[in-house]
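Lettered A, B, C and D in written order, each chain numbered from 1.
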Amino acid sequence: MKNIPLPIDRLLSRDSIAKRLAVDLQPDWVVNLGIGMPTLTTKYVKAEQDIVFHSENGIIGMGPPPPAESQDDDLRDAGKNFCTLIPGAALVHHADSFSLARGGRLDCAILGAFQVAANGDLANWRLPGDPTGNIGGAMDIATGAKEVFAMMTHVNKNGEPKLTEKLTYPATALSCVTRVFTDMAVISVTDDGYLLEETAPGISAEEVQFHTDAKLKVAANLRDIAA
Amino acid sequence: MKNIPLPIDRLLSRDSIAKRLAVDLQPDWVVNLGIGMPTLTTKYVKAEQDIVFHSENGIIGMGPPPPAESQDDDLRDAGKNFCTLIPGAALVHHADSFSLARGGRLDCAILGAFQVAANGDLANWRLPGDPTGNIGGAMDIATGAKEVFAMMTHVNKNGEPKLTEKLTYPATALSCVTRVFTDMAVISVTDDGYLLEETAPGISAEEVQFHTDAKLKVAANLRDIAA
Amino acid sequence: MKNKKRDSIPAALEAVQDGDTVFFGGFGTGGVPIALIKGLTDKKLSGLTIVSNNAGAGHNTIATLLQSGAVKKVICTFPYSRGSVIFNDLYHSGKIELELVPQGTLAERMRAGGSGLGGFLTPTGLGTEIAEGKPHIDVDGKTYVLEKALRADIALIKAHNVDLRGNLTYRLAARNFNPVMAMAAEYTIAQVSAEVPLGEIDPESVHTPGVYVDTYVIDKGEYDE
Amino acid sequence: MKNKKRDSIPAALEAVQDGDTVFFGGFGTGGVPIALIKGLTDKKLSGLTIVSNNAGAGHNTIATLLQSGAVKKVICTFPYSRGSVIFNDLYHSGKIELELVPQGTLAERMRAGGSGLGGFLTPTGLGTEIAEGKPHIDVDGKTYVLEKALRADIALIKAHNVDLRGNLTYRLAARNFNPVMAMAAEYTIAQVSAEVPLGEIDPESVHTPGVYVDTYVIDKGEYDE
């Protein structure tokens, strides 16, 4: 296959990925947000979706960041950013918070990823060269959520595909990712591997395939991401 | 050994057993009360002992029965009797209540018994002839409490000793009973078996031994129960 | 916001089906969802497995449900009482199965089920009939019994206050099994005393977060005796 | 009533000894017992194992404790951060051990320890490095990893209000690990913001019952920077 350069000028911004992902959150879902890019999602969720955001540190019903004068060191999200509570929020301790995460009441988790494999395996806690890594709540949350949405750039800083046939990085959880949202495409993880469903405007299926280390099936109704 | 009849006229009343037992509760202890005879203990605990009574249904800091006009169906003890809360009480759910019972913060449990063995094994949930029995919270509480005080008549309704060498009834928990308070005696369970420490006024060590199915060592300072 | 409120006991019980495993909250007289249990009896289901601390007494709600023939199995801690005549008859005539569980183990099995765990290692029951046939596992030189998580299709619970999101508080010792049952059921139905405006329950004092409550119904007393 | 109140941070820390395993409450900036950790650093102990969500950053309290040489091992979920320079140096030069634990597993191991359980079966970590060398147990056709209970000699926690019996409440998300740490330590020391009269904390809203609190000290700010 001839080299296809990364279409840098057509890649989606982080905000555009978040905007697209937010559309897939079903009304009344209970959703956990990983730290970093996933937290952008809150900006694009509509009030009528009435998403209940869960933060691993015991917040059920996390609201948007407060104005500077209302910031409270006792009310931050998992990424240590200031947050608020929605009306009808509940606070629990860490063990109860992870009971929720593992116990089947988390409809969706939005997590960053170093790698995702075609069977849904997720790697996001340690790079192969590192002596140790950061697990945080990711293993429990990826294991417990009904849907895991991976939100990430399509390739890493070295230009290497992050969507692979099998993981080459240490796994966070097996067969958990259900959908991948990148700066190039929206790809579902099916029993049959990756299904390319949407591409960023101006990016072709061939371009996405070239920057993916696993075979992509292409949806019959392949369409542009409405970004 | 010649037959020694049960000294019926010198047996302690239930209240006298409770009064004697109450003396052994150390100040500030957290104490669980089994249903039935053990609940009598609350009548004889002094205010300055400041015992924190735990009830398995989630009450930490249970107070005495209320006057009739203050009875509340949402505030009863494990035996379904109306109770109250002391100042500084706390209410928890069932799993948290048994975390306390098993987790090492229960200084003492006072439990009724069908049989106690010389190694501290306790039987109090099912008679051998019964197809099933009642466990309730007894297994968890007997297993978890630092001290288990068995409170009971010395012999059963058929006149058979309830203190035995080994259990012949189904066990509730093994090696848990630390002291036995009966209508005849106060007996400690030691690494060496039973140690008879006190007898009811007018009852001799020989009488207690005759109605006990295990060898009693007799304390050098054997004394009368101050009933 | 999802409408979790139902206007009648029968409407609240719509999700319960033949063959379901059903948790009943309550201990003694506190926190028992009496109206829901009576409504369940009226629904005339069959093949239910019920999980409750007791197995009914006299002709109370659970005893009446048992007598109706809807129940094939009871999981409980304390089946016998002075008045548990109906359970005794059904059990001794082989018409009902019994699984007897220590009370702390029962609550913990539910909590494990609600927490996505497969089970836990407990010292409770070691050396007794309750541990027979169960795996024994040594950890750091101490032996424990492996007890399995317990989940149900339906939890019928009773709470004091509820808000629109389903957040619950319980009164006094009426809390008991209700919170862990709410966690461990596929579908949780709460009978409540009163509904309060959203935001009125202090987030720091919520006993059962609304994410665990699928449906609630205010007890209007129509099932009282 | 037992006097649990101490008048100074050093007096509150009297029970802590060389070689102890010590829990530190807190997550981010909420619920961290800063005065107690600073007091512990001043105590110049050695051979401590500390258990905390993070391993310190910059020259904050935990980093300073690590730098003092008091710690031989860290058990945590998230050791690396932009500023975790002191931990990184000690770890890479082999001067400190690390046990990395998933966050939900860490909280649950404490809760198990506080509940008298030996361990639990979790799906978390299955198929990952975290599960290597740990027993795998099948329950009803599903495989779980056996994780062991975790207890400590000492818990250093931070709460909002306290009463004479040691009952605690926490503010907002400052609750986090503090309640399970209080349950799972032989001796629990609470740094609190304020003492309230006995009976003022609603029994239905106590977050940590006083039975779990051995000592408390009101933070008078003398350890603030």
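Definition applied: a residue touches a chain if its C-beta (ideal position, glycine included) is under 8 Å from a C-beta of that chain, and two chains touch if they have at least 3 such contacts.
Only a predicted model underlies this, so the values are computations on that prediction, with no experimental measurement involved.
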Both-way neighbours, i.e. chains that touch chain C and touch chain A: D
Selected pair, greater C-beta contact count between B-D and B-C: B-C
Geometric centre distance via CA averages, chain B-chain A, whole Å: 57
Rounded Å distance, chain C centre to chain D centre (Cα mean): 33
Approximate Å spacing (C-alpha centroids) for the pair chain B, chain C: 30
Centroid spacing, where centroids are CA-atom means, of chain B and chain D in whole angstrom: 36
Per-residue overlap in chain A, given as positions that touch at least 2 other chains: 85, 91-92, 98, 101-102, 143-144
Sequence positions of chain D contacting 2 or more other chains: 108, 111, 115-117, 122-123, 171-172, 175, 203-204, 207
Chain contact topology (line, ring, star, complete or other): other
Pairs of chains in contact (touch as defined earlier), listed by label: A-C, A-D, B-C, B-D, C-D
Residue ranges of chain C touching chain B (in the complex, touch as defined): 27-31, 77-81, 91-92, 98, 100-105, 107-108, 110-111, 122-130, 171-180, 207
Touching residues (chain side chain B, partner chain C) in the complex: 55-59, 72-76, 80, 85, 91-95, 97-98, 101-102, 121, 126, 131-141, 143-144, 170-174
Of all residues in chain A, those that touch chain C in their complex: 27-28, 30, 50, 52, 54, 60-61, 85, 87-92, 98-105, 143-144
Chain D partner contacts - residues on chain C that touch it in the complex: 108, 112, 115-123, 135, 137, 139-140, 142, 144, 146, 148-149, 169-172, 175, 202-205, 207
Contact footprint of chain A on chain C as seen in their complex: 1-2, 111, 113-117, 163-165, 167, 183-184, 186, 198-199, 201, 203-204, 206, 209-212
